[in-house]
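Chains here go by letter, A, B, C and D, matching the order in which they are written, and residues are numbered from 1 within each.
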Amino acid sequence: MKNYERIKGMIAATFTPIKENGDINYDEIKHYADYLANTPIKGVFVNGTTGEFTSLTINERKKLLEVWIKEAGGRFKVICHIGSNCQRDSAELAAHAQANGADAIGSIAPSFFKPATVQDLVDYFIPIASAASELPFYYYNMPSMTGVNLPVDKFLSLGHRYIPNLVGTKFTHNNLMEMGACINLDGGSFEVLHGYDEILISGIAMGSKGGVGSTYNYIPDIYDGIFQTMEANDIETARVLQMKSIRTVEVIIKYGGGVRGGKAIMNLIGIKCGQCRPPIARMSKDEYDALYEDVNTLGFINRR
Amino acid sequence: MKNYERIKGMIAATFTPIKENGDINYDEIKHYADYLANTPIKGVFVNGTTGEFTSLTINERKKLLEVWIKEAGGRFKVICHIGSNCQRDSAELAAHAQANGADAIGSIAPSFFKPATVQDLVDYFIPIASAASELPFYYYNMPSMTGVNLPVDKFLSLGHRYIPNLVGTKFTHNNLMEMGACINLDGGSFEVLHGYDEILISGIAMGSKGGVGSTYNYIPDIYDGIFQTMEANDIETARVLQMKSIRTVEVIIKYGGGVRGGKAIMNLIGIKCGQCRPPIARMSKDEYDALYEDVNTLGFINRR
Amino acid sequence: MKNYERIKGMIAATFTPIKENGDINYDEIKHYADYLANTPIKGVFVNGTTGEFTSLTINERKKLLEVWIKEAGGRFKVICHIGSNCQRDSAELAAHAQANGADAIGSIAPSFFKPATVQDLVDYFIPIASAASELPFYYYNMPSMTGVNLPVDKFLSLGHRYIPNLVGTKFTHNNLMEMGACINLDGGSFEVLHGYDEILISGIAMGSKGGVGSTYNYIPDIYDGIFQTMEANDIETARVLQMKSIRTVEVIIKYGGGVRGGKAIMNLIGIKCGQCRPPIARMSKDEYDALYEDVNTLGFINRR
Amino acid sequence: MKNYERIKGMIAATFTPIKENGDINYDEIKHYADYLANTPIKGVFVNGTTGEFTSLTINERKKLLEVWIKEAGGRFKVICHIGSNCQRDSAELAAHAQANGADAIGSIAPSFFKPATVQDLVDYFIPIASAASELPFYYYNMPSMTGVNLPVDKFLSLGHRYIPNLVGTKFTHNNLMEMGACINLDGGSFEVLHGYDEILISGIAMGSKGGVGSTYNYIPDIYDGIFQTMEANDIETARVLQMKSIRTVEVIIKYGGGVRGGKAIMNLIGIKCGQCRPPIARMSKDEYDALYEDVNTLGFINRR
């Protein structure tokens, strides 16, 4: 694996812009990338849950990554999610990511057939990670979506023996005890990226130094403030900012969650992300109007 | 949609033969098809859960279907499962199935992003089913794997208005009350294929006329007996046969379930299905030996 | 244990009549018992889930049993549910049931602290069952309410070695495969009482001879018909009756389930069961009116 | 309601000492209370989950409270958990707690019949809380045990209008976003006691000022250190202490969780708590020996 530096601060999980006819709007990514480059965000996580990876074809995922790498233009890191239920597809995506200059890869657990043990999960990932052996590999833990709730600290310990480029985990789970165990594993050998924006302060208190989030896209200054003030041991200020994050997440939950509600907010702030692909339901004009009001009430999201 | 006749009796959900190097063993399908053609089985359900569809690439799924259609040679029906989490992939598979002469298609619900309402599920399927508008379309209901537990009777009622080729459901769920409601819907307008082999007698009692099963592959005479005796109102004999089915399913559960345990039994009876693909764990020599003993104890599975 | 005969046919799970002030209306039980005595129902299951046992004090449960035994007057069997989360309370209730002339006892699994293994469940029941050692003891299996989903066939096998009066199970679960395994255990040594009214036909097909149900209370003739016609191998007629049961259960689900919706129907047919106790919400006048309409539409429940 | 001060710091959830014959060992409570009085612990939570409340009779719960109040002797607060599935039992326990001088009461949600809405939960608690109208009332939120996962912030908002003595919640749930919403509700009007010891640092970061925990009993200095250092904005030191808590909780999980494993540790540190009551399985000599080793390895629990 090539030399790599640990992630500190914010990685934005990108939304996938969709046109009215359902095709991907690759052209909007330049605009999206320019926007992100002017925030404190350090990198993007492409083709993840926020990017509706399961609703994309393999070819679409490849092209999306290529466009993101081009438009990032070195201004921020590009991490590529290459997870799927099909090991061969994932290995192909991993090789493509490495060949095209991604900075790192990550993979969620397969979730239709579920690995029964930590060893099964390690075995599943071996050929995938080795297809991009020069890139750092992150295990993307998200039991709420996958139903795979294997202990991540055990996975890291075992996995490291078989997967040389395993460097850490994107930890998207409420189990902060397990997160703490991962952070403290082997004297802090593994990176643990916090994945639940609405409790970032709690993850940083537990020891996390970086995070991957979808709401970072539209309120980056608030999360940057949380990282900065916690670094400065100013818990009280961080808490006030965290409360703004919670209010924001309450709004997106009201509109169907981080992908559906979040994508709608992206449209409001001027990034043309369009609708979600099915099975996530379209958002009607009435819903948009109500969301607009709720965002106004929050008062701290900058509409365009 | 072309004229079609209802399914009565057994449809075998096919296993996907895998070579030691992990590639698909397409050559074995001729042997497998010849075997099935000599049983009372009426058709196959290709690329379903038993066939590990989520572990296959789109191109592999296409080729598998083509080989099955060729090797069936009209001796039995070929129904193709075209479900996935990606609507565009599924529409492509549906069109391919129709173009290549499949007798019908079926689709499971998307399970990473889950449809929130019956309408969402209908909307998801519309372009998929219309991509094979000449073929009967079955909704494959399997909440234990998908986590999608929308009422199937409501789905059929609503779906029929938007999906002209929707003819019924492969109902793989313990909720026999809902199954009964589906069977009685609109005076019996929809086909309801029973999907849990181990309780087939209960599904037939409720009114089901056909079934799709994986254990049909290796004990077809037992299930044929259940269908025949129940048709003849001989519940007691059917019950004795059902108990053999239950004993068989207890064995496959012991070895990891219908796909992993069932595939191993296929090897025992002489169809070279090989191992499962990850994340389903390989079966060791020791496990095979133990399974061999258990199958011997059952006494009614014909090893080759 | 005293000599006992197996249960064939219907055992009605009784509702607990409640006055407007929340007290138990013991006086109504005479009327209720007289009503049941004029149906084909063979016995009652007192203080079960339908009877809201967890909402009753220990003293109320004792008195309810005493009144039921008195009012039954030998016209039908009285089985007493003595389950609770507290082993000592349950043992006290078991001893009371035996001392007061109940015909049998049954117990659900403790559900706050859950037994982790079959052995734990057996150990929990030993002192309870032995406190009524002259009475047949039934394990009341209801995973949907308790979250305890231990294999009942394993429980019966192991339990029989420690609990001499263990005679069977009230099986209220969709897992008909496990139910079949219980029925066939040791050549049919154990009684397996079917517990899901809406799929009775499926349970009888699997081999069950008797059932415990709450909807038996208000449509006894329909269930009696199912038992009779299945006994006579007339599946088709049984199926038509089962469909009426399913339509009825759809209605009670609409009104909050078997306890809340069922209790309201009891009021409609003239047994003054009143409201449920909290936390089950009161039923408003509007809801009653709507239920009245739905029951009218069904057309086969005899309102008084 | 009488004037009351908010809880800051640690409330220990007490274990219930049990003799070899299964009876409660009331005599040990004097020793237990003297031990706690010499720690920084501010109060006890009697008859909670740790105290195995569902395994105790109503009379035992009353006597336990009386003994605790006597032995506390004003040296620390005594909060009484009066929750149960039976509203009338809980109201009786609440009245008893008030009459006998408890400092506050708390109640878990009923969990067999589950309240379907926030209003149902409020309605359930009204007569219970009013039976101890002079005492502060805390809602004990623990979805992992109850399966009741109603939004606590909504409960507090609505509940306050019907339950004048509702002052806050014992929040035992991983959903720290909801916890944050509760803390910030109405400008901080409600007390939110942290309930998951292993992530205390995360709860304090979110704004919690006090906690109720079972592991406080045996490593009080560690938790006191977390409270003190977080108050002093020294996150790094708090994190080192939190890791000791996590290591401890990993041990108790290995031995069956906080009640079973924790009770065994109490015995090791010299408080004779004995075994748990069924259905929690007895701990064997071998398990005790292994636990003794694990506690030795931790190195910071003071055995006696």
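Points to keep in mind about this one:
Just so we're on the same page, contacts are C-beta pairs under 8 Å (C-beta built on N, C-alpha and C of every residue); 3 or more make two chains touch, one makes a residue touch a chain.
Predicted model, so just to flag it, every value in this text is computed and none were measured.
A repeat of the C-D interface exists among A-B, A-D or B-C. It is A-B, with more than half of its contact pairs matching by residue number. With centres computed as the average of Cα coordinates, no chain lies farther from subunit A than C. One finds 36 Å separating the Cα centroids of subunit B and subunit C.
Subunit A and subunit C have centres, each the mean of its CA atoms, that are 50 Å apart. For subunit D, residues touching at least two other chains: there are none.
Of all possible chain pairs, those that touch are A-B, A-D, B-C, C-D.
Across the complex, subunit D is touched by residues 52, 54-58, 85-89, 109-117, 119-121, 123-124, 145, 147, 256, 259, 277-281 of subunit C.
Residues of subunit C touching subunit B in their complex: 174-177, 180-181, 184, 196, 198-199, 201-207, 230, 233-235, 238-239, 242-243, 246, 249-250.
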